[in-house]
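Here it is, the structure in full.
Chain nomenclature is as follows: A, B, C and D, assigned in order of appearance, with residue numbering initiated at 1 for each chain independently.
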Amino acid sequence: MADTKIRVVIVGAKGRMGRETVKAVLHDPELELVGCVDRTLNDVAVSAILGHEANGVKFSNDLLKTLIDSKADVMVDFTTPTTMKANIDKAIELGIRPVVGTTGMTPEEIANWDQLCKDRGIGGLIAPNFAIGAILMMRFAQQASRYLPHVEIIEMHHDQKLDAPSGTAIKTLELINQERQAVQQGNPDEHETIAGSRGGEYEGMRVHSVRLPGYVAHQQVIFGGLGQTLTIRHDSINRESFMPGVVMSCKQVMKYEGLIYGLENLLD
Amino acid sequence: MADTKIRVVIVGAKGRMGRETVKAVLHDPELELVGCVDRTLNDVAVSAILGHEANGVKFSNDLLKTLIDSKADVMVDFTTPTTMKANIDKAIELGIRPVVGTTGMTPEEIANWDQLCKDRGIGGLIAPNFAIGAILMMRFAQQASRYLPHVEIIEMHHDQKLDAPSGTAIKTLELINQERQAVQQGNPDEHETIAGSRGGEYEGMRVHSVRLPGYVAHQQVIFGGLGQTLTIRHDSINRESFMPGVVMSCKQVMKYEGLIYGLENLLD
Amino acid sequence: MADTKIRVVIVGAKGRMGRETVKAVLHDPELELVGCVDRTLNDVAVSAILGHEANGVKFSNDLLKTLIDSKADVMVDFTTPTTMKANIDKAIELGIRPVVGTTGMTPEEIANWDQLCKDRGIGGLIAPNFAIGAILMMRFAQQASRYLPHVEIIEMHHDQKLDAPSGTAIKTLELINQERQAVQQGNPDEHETIAGSRGGEYEGMRVHSVRLPGYVAHQQVIFGGLGQTLTIRHDSINRESFMPGVVMSCKQVMKYEGLIYGLENLLD
Amino acid sequence: MADTKIRVVIVGAKGRMGRETVKAVLHDPELELVGCVDRTLNDVAVSAILGHEANGVKFSNDLLKTLIDSKADVMVDFTTPTTMKANIDKAIELGIRPVVGTTGMTPEEIANWDQLCKDRGIGGLIAPNFAIGAILMMRFAQQASRYLPHVEIIEMHHDQKLDAPSGTAIKTLELINQERQAVQQGNPDEHETIAGSRGGEYEGMRVHSVRLPGYVAHQQVIFGGLGQTLTIRHDSINRESFMPGVVMSCKQVMKYEGLIYGLENLLD
């Protein structure tokens, strides 16, 4: 029943996450690739660039035309934070569900899109991280903070990453903050002889961002207690790790109304 | 209301865990130290050996007499696996609740004590690990195994430890095994050029025991998935980390009937 | 001066390490790709399979013919241990320098090839690991063992790896064994309740091999001392990490006679 | 030959490091405990406070008198950075060799004490860290930075520590800086959404300080390269780990003139 497949447009399809998503969508029996958008390519067969069959889909640099012509159900967007915002607006306006991997959106922006999605009767998802292991890390961190309220986060990423801390780290801090009782961490008289050594501060918790070649996307959440530490660590070494989450999201956004922030909210 | 305090006898009180327990019981307002047993000492004031006040309690090398004379509610035992078995039998016979930190008891032994406790209408607890961080590690490991069934355990302990793997590792394997779908791990054609390199095998999972000076009690549970790993690690660096769990156990065993194996089963 | 380039044949060129090597050789100005051998392909352009220009080189399934016709200086071999042995013999016989990434060769085999290389007046290299970070790890481990003789190794690899422990682990054990004073590690009375838990044993040291999806090639060497541990860890997440070492080896084997085992012996 | 023993005064002897040093000096056959200074105690037997024999030595709160009366060769000082400075001045003036565990002295202060020691013809040592494993970590970090110049440091300490980063971290950065070629690390356009997330900056390298209960003194030096990372980690879980270094220092300061900063400079 080809007509029941979920029709997916991928934006930023020539990028690294975009390429993986093209492959993943092509391989999933419930999804159908109906458009690929990239600002650098127009009227070029996907197969010519990515080296594999792609249903005859061509790259386009015209998002609006592609969204309309393709009769898409879902728009997966892996471009840049700035570009994404306009893209999400366009998609929702057309009744197409956005599935977006990014960080750096404000609570106001998310609330606004949530309302717009509800007004259109569609679902949407923005996730800083599509790796199931990362979602579990965040969930466990939130639970552990009830019993062990002293916590710091270290996240490590490749050295070309622009923002610090990572979206996953910020999300983790937010989740912990919902559960954790307020606690004074560290020595009240501590001082930095090199400014910034103690990391960034969020509601009394500290976060540290390491940037080195050889890393991809990694995070440790460390809880300290009397005579013990508990460390929850996720290591993601390539973009394959995100695809099960992206594919699941394309299917789930068909089933609810409003914009969900965070893949963990799609799990039971 | 001194008469409502829980009366505690500590066996193996001169040992390292025993000493910490003496301190912890003395400091807790709901507990009362009423006896200290150690095979090497008789009629010696606890304060003379441990260097702090102890309610005038003296060491005795006679467990049975101490249990009877002290009118104990709870017997905390940190001796050796062999000694413990007889001690647990005696305590239950006298209607005194055993709180025992050990590993290496068989399911049959545990089931037997469980029945004996029920027959006497008392509670009991045997725990391989009293550290709350360790309990959380096991809980999270069990949950994660639903989503990421490929798992191995590495535990690291001080180099004088006798048994391998640790009781915590075995308990973790058992808990995971309750949740995890059967999965073929590793390459079916793998072979060891040094026997034992691939560790111990339990229901398809592997466990590795490291023994070095400088370690105390540590464990990592590592889950592997496509392009990612999730690691849950607990580090315990001294015996203080166990005391909140021991104290909690002395209080909880007053509230139920039967023998519980594992501190996690005392948590909600 | 094209005629001064080092002429390289790659065996197992369609495999994962082979593909990376093809790219690396093509990109290095001092190396020239003159042949690609793979048992599954004959008379097929490299560019057709690997998707990039390759000097017009074609895949061949005939190693001997390729080695002779190409006038190769160096044969890089990333096939299988069994195949490699015959390949090394052939290459040396033809005066072509073997650069081989593998483990599992015996000291006798290595000594024999060393003699054959010397007889032919050529160099050769067999390396279990071409990553410079791994070489440094082994060097530091060897040095640390002088001061901290209690040591264990944990190596983690992807779950399709056939042999355990890894060649890098074995090499590390050998190097440490050259420096480390004999020491009795662990408790003489320790016993395993699950056979193999304490890992493989090599000259009193223990080695543990973890195999999980999500890992690539990782190793920790852990030294224990009074109240402290020192851990030297190398993580290799893709085959790119090996290429600087492979390229360096192709150049270095032109400069000496005899077969060297281990990239570290090429460093100053 | 009791008169050839090295005569040691310990300042801050009632503190945690001081207590360990008392034990270590008492146990070493080449050292003799001749004085214990603590600002809170006067004319009290060491044995009464520390619970073990101490040659009849008494605590004094008068440093100057103790240094003079005891005819000390060496003054070991584990007080506070502020107090230490005056103590070092006094000791050198009296021709007594300072062995001081601290951080936070300026290069100018160190150079000044070095000159004063030389003028008096005595040795002296200031060390941020007395653990041999930490010294090896620093040495290896310095060596690795030649080959892998991208580096960050994460140090973790107990949550009552006052200064960040630790003295060991600063020392490590200085040592690496001597060897490492200048390299632009990270993305030139990176930005922090939480200030301080990227840590402290020292000559292009980043340093991160974690402070949690359950930690004692730990540090990781992480090197990143193409597809790989190399991590050198030291974990110190109690003060015993420092004693071999303190004892060695008491002996070595008898053998040279001038003030040495860093235990590594006492190793061959």
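Basically, a residue touches a chain if its C-beta (ideal position, glycine included) is under 8 Å from a C-beta of that chain, and two chains touch if they have at least 3 such contacts.
Keep in mind the model is a prediction, meaning the values are calculated, not measured.
Engineer: Would you mind reporting the rotation angle for the C-alpha fit of subunit C onto subunit D, rounded to the nearest 5 degrees?
Structural biologist: 180
Engineer: Going by average Cα coordinates, which chain is farthest removed from subunit B?
Structural biologist: It is C.
Engineer: In angstrom, rounded to a whole number, how far apart do the mean CA points of subunit A and subunit B lie?
Structural biologist: Taking the mean C-alpha position of each chain, the two centres sit 41 Å apart.
Engineer: Measure off the straight-line distance from the CA centroid of subunit B to the CA centroid of subunit D, and report it in whole Å.
Structural biologist: Centre-to-centre distance between subunit B and subunit D: 38 Å.
Engineer: By the touch rule stated above, which residues of subunit B touch at least two different other chains?
Structural biologist: Residues 214, 223, 225-229, 235, 237-238, 241.
Engineer: In their shared complex, at which residues does subunit B touch subunit C?
Structural biologist: Listed in rising order, the residues are 104, 150-152, 154, 156, 159-165, 170, 185-187, 189-202, 206-215, 222-229.
Engineer: Write out the stretch or stretches of subunit D touching subunit C in their complex.
Structural biologist: Counting only subunit D, the residues touching subunit C are 131-134, 136-137, 140, 143-144, 147-148, 223, 225-244.
Engineer: Considering only the defined contacts, which subunit B positions touch subunit D in the complex?
Structural biologist: So the residues of subunit B touching subunit D come out as 51, 214, 216, 235, 237-238, 241.
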